[in-house]
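Here the structure comes first, spelled out in structure tokens, and everything after it is commentary.
Each chain gets a letter, A, B, C and D, in the order it is written, and its residues are counted from 1.
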């Protein structure tokens, strides 16, 4: 299959990183799609957890919200939200946490709180939700993001969640024992942190993407790995699985009455 | 004391101007009918607590009822931003509001600590994050055994908590099932508890012994409001009305349209309207 | 990795000399079969954690396997004292043991804190009581908001926790129902978890969504041992064998009789014996 | 009905103190019998809670242990033990806690831990279980005890749970906000604390009991109220209810196999 969108490539590239052994704390949007594509293709035994309390869920359609009924109906069990955050997230049972970002810097620090000054914001964003502790409690963090100079910035306005801080051993210096961001998957490329500096480095370009395209949509000066791969294009199975999932989702969510 | 009262009475007797109040529900079981009744009764200067203030707090803020919001994620779930809340924060319209912002983990554990009768929640959180710089309520303690510095937040102790549930027994015990969220904790943390339910059943005999139940003596008032969570959903009764959530984005984007919508669908409506709204869902 | 293994293998692979171990169960679902297997395998120098050390810890202490017991109520429930444990404490027979004593509230919250990944539990407890004078693990913190001094205890983090449950799914998920005690917390607080179950079912489909379940990936080994809680009980399977609890008082009162009983009923027995012991209960 | 034992009188006198509005944290033994007699006579709506997690239980027979299956089967709901101690006991939801004692002093301080020195005990007792926090978290505490100089002592060997300490405002000085022991019911008398000194004072003697009998079985010098009542004898209904309950209990608990 040759025809695919950058967002499809991003979602499928993220899905490929997941295994049957992973326990994922799933957010809405691209992470949810990626996790479920993984579950429906190569990782049927992956454990998906949504912060609404649903453990081991296997939704037929993607949830519109983090607490859709479908998640509970297909889950192994559903626990209270305080238990979710205490026993499961803080308890260190999640191997992979997914985060998105309104602003991201080269060290994987994320802002989803405000644009501008916190007390007099230009734009008040929704805020962190679970992100501050997801970022430090999960074994590692995968970030998905569509590239844009507006969102991939030299300096974020607010540390909603901590990535590698100023880089290097900044996490360890704060007493954080988890790995933090180990993967950034955008619509153009796959990035991994440099082992020492922790700055994100491009390791693989999606098909048809050039170095210039990555740099033009990124607000910091991009580092590329010495040997740069091309991300394998989505297979037919991957793409059909994703599109079927999205078609089922669109059909399901168009229901409901209009008047409230 | 008869626990079963009309919603208007339950709100009138339990929610006062200036109260600290939680209308809780985690996507599921959001107490829309109770919130609309509070709006109709015109309560003022409320401190609104909620992990995920969504449409109902956007509506209350847009109606100028809130002086403060304590929260961890202020979005229209799966849709986008809360436009009335943004307008209040960015432009002080219709009035400025104070915000006290936490993470989900902190909020959930603050309810849990409130239910447990403690003045604070202790947890591993906020490491490297900026919220402690802008929220002075976030403090820390040092573990006497390991020396680890752990975050603390004050426990939530609302004056009153409103929740929606599937069933009440004839005695007023409350059953919540499905995504149970933080409702049990939010209720047990509060001085007063008001519950709207889909229906009343004689008792809970024959149900599994470990279900999530609030005994009748923990609840101050129960109002039967079928459909009372709409456009949120009630597991086992009706599905989420996603179209209405999407529609809210446009309604709330415009001050005039918001005001007109509130007048028609809230101020001129009654709790009975909810049953009709969930027909076919 | 196959989670389903014979009990002897589950114990051999997960319990080592010197381990900190919890065999938990609150009157209900006490893992007698697992404890007897540990006795047969002759593990030594164990630190035994349990809210209510009853017959099984009396047996292990009487067999000289324990160097330390962490507990909050050391009685034969509804019957009286634990005579082997008393003999160890009062007369160092067959060896002296160290005791670390807490209240139930402290023990329960220490498990809860362990499950929550925290190094300590913070609670309102021990006010005016003498235990803090004899247990240096009981410390305190000061609430940064109210100035209240609150008690702390170190969280429990056993090397391994053994529990008994009703059902495993084919994949190894565990269902516990009825009086669920502290088993979920004791399991999630531990590095390794071994579960004995009454039976294996294909899956838990169709069950209520909010039941107490340990997902298979939190469990290291599952051994199918019908009757494995006897003389404790398994809700939905067999009743408590009260006569055996009463009988224990006499058996444990005498060192010789105890030794003979252990030889016959534990050392020379196998896990299969438990199924027969619950016939007719 | 004229014939009753001192223990029956003690249990029935305790039962009479309970109302439909009470939420009781029930221990095994006399408190359990008293609470269930109250439930089966004048207080059918009383809420009984056992520390095993059973809330609103209504057992047909008395449990032998705190976690008998009967308690769960007849309960409104059964919660985990950590929740029981956090949300229900520590959360301040229990109006009446019952305690027994191996040793009791005149201020309602209780020892169930050791006789003799803690580290080299003459007798190692079971310990406190829930008592240390029951004593301080419940609205008030009722104590039931058979009188004996061995158990009602001038000075207890160990403060398992705190009553009124040295008396007076000792509880308040420790920051305890609940009332503590407000009632002591023995097989001979009903005692209440003096409002100021908090020393237990005999207010009512059971039928046939003399002041001397109370003093002879008590290790401290007993104070009697100026006007001393006689405890009303058990009614037929009370006594039949208690005896039926105990007969059902004996029949149920004699079951079970002998060999283990």
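As a convention for this text, contacts are C-beta pairs under 8 Å (C-beta built on N, C-alpha and C of every residue); 3 or more make two chains touch, one makes a residue touch a chain.
For clarity, every value in this text was computed on a predicted model and none was experimentally measured.
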item	value
Pair joined by the larger number of C-beta contacts - A-C, C-D	C-D
Geometric centre distance via CA averages, chain C-chain A, whole Å	40
Chain A-chain B separation of Cα centroids, rounded to whole Å	28
Chain A-chain D separation of Cα centroids, rounded to whole Å	57
Contacts with 2+ other chains: residues of chain C	112, 116-118, 123-124, 148, 178, 180, 184-185, 209-212, 235
Where chain D touches two or more other chains, by residue	72, 78-79, 86, 90, 137
Graph class of chain-chain contacts, one of line, ring, star, complete, other	other
Listing of all chain pairs that touch each other, if any do	A-B, A-C, B-C, B-D, C-D
Chain A-touching residues of chain B, taken from the complex the two chains share	26-28, 51-52, 71-75, 77-79, 81-82, 85-86, 89-90, 101, 103-105, 108-109, 111-112, 123-131, 134, 148-149, 178-182, 184-185, 212, 230-231, 233, 235, 239-245, 247-248, 265, 277, 279-281
Chain C contact footprint on chain B (complex, rising order)	116-120, 122-124, 137, 139-146, 148, 150, 152, 154, 177-178, 180, 208-212, 235
Residues of chain B defined as touching chain D within the complex	112, 115-118, 173, 184-185, 188, 204, 209-213, 215, 217-218
Chain B-touching residues of chain D, taken from the complex the two chains share	21, 23, 47, 55-56, 72-73, 75-79, 86-87, 90-93, 137
Chain B contact footprint on chain A (complex, rising order)	28, 51-54, 63-69, 71-72, 78-82, 84-86, 89-90, 113, 118-119, 121-133, 135-137, 158-162, 165, 170-171, 174-176, 253-260
